[in-house]
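Okay, so subunit A shows up in both of these, paired with subunit B first and subunit C after.
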Partner chain A sequence: MNETVASYTEEQVAQIIRAHIDQEFLFRTKDSGLADDDSLIARGVIDSMGIFRLVNFLEQRFEISVSPPDIVMENFRSLQAIRAFTVTRLRGRDGQETD
Partner chain B sequence: MLFQYLEDSARAHSARIAVIDGERTYSYEELEAASNQMARTLRNQGIGRGDRVGLHLDKSLEAIIGLFGILKAGAAYVPIDPASPEWRLNFIARDCALSGVITIPTWHASLRDVESLRCIILVEARPTNTLRVPQEQGAPVTLTWADVRAQSSAPVEPLAESSPEDLAYILYTSGSTGQPKGVMLSHRAGHAFVDWAFSVAGVRPGDRVSSHAPLHFDLSVFDVFATAKGAATLVLVPTSLSVFPRELADFIAYKHIAIWYSVPSVLTQLVARGELSRHGFPNLRTVLFAGEVFPLKYLRQLVLTLPRPRYLNLYGPTETNVCTFHLVTPADLARSEPLPIGQVCCGDEVFVIRDDGILAGAGEEGELCVAGPTLMSGYWGMEERTRQVLGPIPGHAFAYRTGDRVIRESGGALCFLGRRDDMVKVRGHRIELSAVEEVLLRHPDVEESAALTLPDDLTGNELRAFVVLRDNASTSPQDLRQHCANYLPRYMVPTRIDACEALPKTTTGKKDKVRLQEQARQLV
Partner chain C sequence: MHPDIWRAFQQLHALRSEAPPLVLREHIEDPPASFQQERLWYLDQANPGGSAYHLPVAFRLSGPLDWRALRLALEALEHRHESLRTSFDSSRGKVVQRVRAPGAFVLPTVSLRDEAQRPEQQEARLREALGREAWRPFDLHREALFRATLFVLGAREHVLLLNFHHIIYDGWSQDVLFRDLSELYTAFHEGGSAPLPELDVRCTDHALWQRKWLQGSAREALQAYWREHLKERLHGPRLASRTRAGNVTAPGLRELGRLPITLSPELSNAILQFTREAGATVYMVLLAAFHVLLHRHSGGQERHFVCSPIANRPQAETERLIGYFVNLLVLPADLRGDPSFQQLLEQVRGVVAGALAHQDLPVQLLDGVDLGGEPLSQALFAFENTPRFPLQLTKLDVAPVELEGGTCDFDLFLALHEEKGVISGTLKFSRQRFETDEAARLLRDFETILSRAVSAPGQALSAFLPDLIVPRADTPPEPITPEPARAPLPPPSTDVLAALGAARPEQRRALMRDYLRGTVIRVALRGQTPDVAFQSLQELALDSLRLIELTGRIRTELSIDMPVSHFFEATSVDVLADELLTRWLRAQLTEPRAPAVGGRRELLTL
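On to the complex of A and B.
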C-alpha cells in the first residue's frame, strides 16, 4: 500500500475510490455493478449522511482538504467526478508543497 | 374527499401553477385534466372504490398526477420507495393486494406475477417498444403513459357511495418482525390534518411550498394536499439536493420557497453545512419540521441565522398524522431540555397514561395516547396488531397508544422523553431494532444479532449491528450488509456490522444496550 506516498497515479486514485464506495455504499442489486459515469446520487448510492462519510474518507486517505463549497453535485456526481476532483486536489497539494 | 382540494383550486385558479418539477410546470387546470385521465384509465380496468394502487415512482410530476388520479378513481394510493429492494416491493404488492401499480419499465418483470394486479402502468415506456407483447391469460394489462394521456380529461363519474371513511392511502413502516406493516389512513384522517395544517402554516395562493419528503413518508401529506387546498405551488425538491446542503440552500432561495417542511436532520445539515448566510430568503415565512427530535444547538443556530420565518415542531406517529404541535419561541432556544412537542391539534385529544394504567397528573410521565379524527383506520390485514394499539383507554373509549413516553410540563406543553419499545428514529425514519435483528438472523451464518443506534447531534442516529457467527462461518460484514439490503430499505441497513464472540448481556439475560453502545463507539 502507498498510504504515505504523496502522489498517486490516476488509476490508483480511481481504484481506491471505487473499492471504498463498493465497500461502504454499494449493495449490488441483482442486475448491475456501477459504471464510471453512473450517477451515485440519483441511484441513491450516496445519501445525505453518506456524502460526509465519503468526504471524511477522501480527506484522510489522500490527505487533501475538502471545504463546504467543494461538496457539490459537480464533484460527487459519479465515480468519474469524484476521481477528477480528488486528482485536482492532489495536484493542488503537490503544487503547494513544491512552492 | 382529499382530491376535492385539487378540484376546487382547479375551478377557482385554473391558470395558477400547481406543480414545479425541474424545468416542467403544470397549472391547476393541467393537473386536474391529467389526473382525470389517470382516474379514467384505472376505472376502465375496473379499479375503483375499495381497491389499492401502488405508486412506485420517484417523486415527479407523473407521481403527483398518479396520486390524484388514484384517489379520483376511488382507490387508495400505496406509495412504495423505488429504492426499496425487490423483496420489499413484492411483499407490499402482495400484502395489500394491489389492483394496479404505476411504475417504470425496469420493474415490469418482477411485478407481473403479482396475482392481484389487473394493470401495470409504465411511466417512461415508449409506446412502440416491446411492451406490446401479446397479453397472456390472467396476466395484468400493461399500459404506457401515452395510453393514460390518450383518455378523455373530463371528470370521471363521481362514486355513488363514497365515504370519508374510505381509505385514501396506506403507508408501510417498519414492523418489529422484519415485515413492513401498512398504516391505513382514511380521507377523514387526511382532511382533519390538512385543514388544520393549512391554516397553521398560513398557506396562501401563489405560495411556493417545498415537497422534500418522499411520498411514502407521511410528511408528504401536508406538502401535496395543503398546497392543493391553498392553490399554492408544490415545488418538488430533487432527492439529489438533500445530499448537498449548499445546493439545497440555493434551491430554497432561487425557487422562492415560502413554506418549508422536512425532517430536522435536513435542517441540521443546512445550518451546519449549507452556508445559509449567503442568502436572505426573503420569501421564507414558515418552517415546519417533524419526524424526530431537533437538536436544540442546531435549531438555535438556524433561528439566529434566519430569524424571520416562524418555526413549528409538528409531532405525530404515522398512525395519527399529526396530533400535537409547538410554535418555537425565543424562550425555547434558551432551554436545556429538548423542544416540547407542545399542544394537541387537529381536533384530537391526548391522554398521558402512567405505567400502572392511571391517567398521569401534572409532572408525571406516561404513555401518550391520542383520540380524535386524525387516527388511522388500523394496520392492513393485521387485526390483532391493530387491537393492541387502538382501543379503550382510561378517559376515552377509542384511542391510539403511541408507545411514546411523554411528560406534561407545568405550562401544559407535552415533552417527548423516549420510547417504551425498541423503535428508534434515523433521520426521521422509524426503525424497529428487532426488525433489523430478525433479518440478520435469517442469514444462515448468524447465530445471534443485536442492532443499536449511536446518537450524534449533527448527523443524527447511526444504525449499527453486532452479530455472533456460527462456527466456521465465512461471511464477511459486507456480505451481511448486502443480505440486509436484500430485505430492508436502505435506511435500515446498518452502516457497520461487526462480528463478536458473544453479545454482552445484563444480569437478567437481556442484550446489554449500554455496553453494546460502548463497544460500537470504539469501532470507528
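On to the complex of A and C.
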C-alpha cells in the first residue's frame, strides 16, 4: 500500500482522489462516509458527466493520460477502482520516463 | 450504467483529445466572443434590454453582517473572474469581448428601514424593490453585466441581490460563485486577504480556443453527426393550452411563471431504484417521462423534440470559471406505435448518449437541420444530480429569497435536481402560453407518468394518461414531411466587409445580394434552401427569435445601423440587399471606418 509511484505513495493517491470527490461531488470538506468499495454510480455520487469531470481531473492532477478504452465501469466503479487505475497509469508513465 | 453511456464518454474523450490545448494568453487583441455568447449578443441586438437572459439570485442574511468583508469579497470576486468585468461590442463585423481592468467595487445599498412600518409593508416594499432591480435592463455594450445590491431591512437583517446577464454566467457558474464568495467573505471577515489561488485560464482564452478548435475537421465531424441524427424534420411539441399565443411573441413579452415540484421520497426512491435496474441515468428516466407528458398534452403528437442545456465545461480548468459555457442539446423523440416506457427509455438512452458525445457543437452551428422555422426553445428539460453548493457566510443565516417576475424565451422549462434521494425542481412557463392551473396540471400528470413508468414499464404509453389533451383547432397539426430537400451550405460570410471594400462598385450589388441570401439560408433557415424563389423575410414565416438572430448578425457583420422594422418591411430580399448597400455606402462616405453598432443604440429600437 505504501509503495511510492511517480513521487506519490498509493496512500496519497487515494487521499487526493477521495478529497476531490468529497469536495467536488459531495460538496463536503470533511469525510463523506463513502467507503472505498462503495459503488459511486449506484450511490448516485457520480452521474454521466461526472465521470468525465473525473477523467479530466485525473489527467490534470496526476499528469497521466487516459485513453478512451480506459473509460469503462471497471476503472470508475468505486474509490478503490479509481485509485488502482490511477496507480497503474502512474506506473506506466514512470516506466516510459525511465526507458 | 449501460455500455452505450460508457461508449459516449469514450467518443467524447476521443473527439476532445484532438482539440488544441487551452492556454492562458497574456494579451489578446479584441478577444472574440464564444459561439454561445455571440448568439445571445445577436438576440440582444434586436431586443435590447430584454430581461429573458437575466439570472438574478437573492438571499436574506440574518445576523451581524460585515459590510466591509462583503464589499471586499465582491471586489475580489470581480478581480478574479474576468467575465464579471466583461462587456461586448462589435468590431470589424465580429462580436468581441471588452474586459475592463479590475477596480474598486461599489456595493450599492438601498435602505428599506422605517421603524413606523409594519413588517408586511416592509416585505411588500422589498419585493417591489427586488423586482425592479432584478429586471432592470443590462447594456451589453458598456456596462458591467454583473451587479450586486444590498437591501437594508434592519441592523441584523439584509437582503443581497446578485444579478448576472446570461452572456457571462450560467447554472454551473452559480456553484463557482457561491463557493468563491463564501470563502472570500470568511477570509476578509477574519481579517485575512483573498485566499484563492490564481485561475489557470480565463473566459477569453476559452473563446479563442473554441474558435480555433471548431473549424475544419472537428466542426465537420460534429456537424455530420447532428445532420445524420436530426435528419427527419423536427417539430416542437404543440401543447394544448387555453391561451394559445404560439411562438410568435417576442421574447421580451413572455412573462415568466414558476411552479415548484417535489416528488415524494417514495416515488423518488422508486425512480432511483428503477434507473439502476434499467442501466440508465436518472436524467434519461425523467426525460423519457417528460417526453410522454408532452406527447399526451399535444393530442398524441408522435414526434417532437426537447432541448436540454448541458454544462459543457470541456476542461478541468474551465470548471472553476464564472462564464457562459452552456450548450443546448436537441433531443428528438419518436413515439410512433404506442411503445412501452421501457422501449421509449431505450430510445432516449441512445439519443442522449449520442448527444453527450457530440455536445461540443454550439446550436447555431447546426446546419442542414430542418426545424421548419421553429424556435429551439419551446420545451426545455434539465436535470442535475450534483448537490448545489450553498452560499455560506460566516455567522450569518443565509436563506434564498424567491424572485418574482421576469420574462423568458421558452414555452416550458422543467428543471429538476436530486438531493439526498429526493427529486424536486421548478417548472418555468410562459404566462402567454399557459395559465397557472394548466401548468399545475402538467406537473400532476408528470408525477402520474413517473409512478406508472416505474411500476409498469412494460405497459403501452397510451395507458399512462388515458385522457389525451388535444390542442384547440386554431393550431392545426402540421403534417410531418418526410425527407426535406437539402442544398449544400453557402460559405460563411464573415468577411463580407473586406469583400465589399475590395469589390468594384458595379460588383457590390451582386455581392450584397449573395451575402444576404447566403446569410438568410445559413442563419434563419439553418441551411435549408426554400423550395420557392426568395421572398421577403416576413413571408419566410420565421419565428421571432430566428429573425432577431438574423438581423442582429447582419447588422453586426456589416456594421450597419438599420431599424429591425426595415428588415421585415422590405418587399423582397433583393430590395433589402439594395437598402443595406445604400446604407453601407453612406457609412463609408461619412466615416472612414464603419462605426460599431454599439455606439448608436437609439437607432436599434423596433
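Points to keep in mind about this one:
Quick note on the criterion: the second predicted complex is superposed on the first by the 87 of 99 C-alpha atoms of A that agree within 3 Å, B and C clash if a C-alpha of one lies under 4 Å from a C-alpha of the other, contacts with A are read in each partner's own complex, and residues count from 1 in each chain.
By definition in this document, a residue touches a chain if its C-beta (ideal position, glycine included) is under 8 Å from a C-beta of that chain, and two chains touch if they have at least 3 such contacts.
These numbers were taken from a predicted model, which means no experiment stands behind them.
Under the clash rule set out above, the superposition-derived model of subunit A with subunit B and subunit C contains a clash between the two partners. In the superposed pair of complexes, A:Gln60 makes contact with subunit C only, with no contact to subunit B. In the superposition on chain A, contact of A:Leu90 is made with neither subunit B nor subunit C.
When both complexes are overlaid on chain A, the residue A:Phe52 reaches subunit B and subunit C alike.
In the superposed model, A:Ile71 makes contact with both subunit B and subunit C. In the superposed model, A:Ile41 makes contact with both subunit B and subunit C. Among the listed stretches 39-47, 57-65 or 561-569 of subunit C, only 57-65 clashes with subunit B once the two complexes are superposed.
Within subunit A, the residues touched by subunit B in the first complex and by subunit C in the second are 27, 41-42, 44, 47-53, 68-69, 71-73.
Remark: subunit B residues 83, 85-86, 239-240, 242-247, 265-266, 269, 273-275, 427, 459-460, 462, 478, 481-482, 485-486, 490, 493, 495 touch subunit A in the complex. Residue ranges on subunit A touching subunit C, taken from their complex, read 25-27, 41-42, 44, 47-53, 55-57, 59-60, 66-69, 71-73.
On subunit C, the positions that touch subunit A within their shared complex are 1, 5-6, 8-14, 17, 272, 276, 281-283, 310-311, 313, 315-317, 319, 356, 385-390, 418. Touching subunit B in their complex are the following residues of subunit A: 23, 27-30, 39, 41-42, 44, 46-53, 68-69, 71-73, 76.
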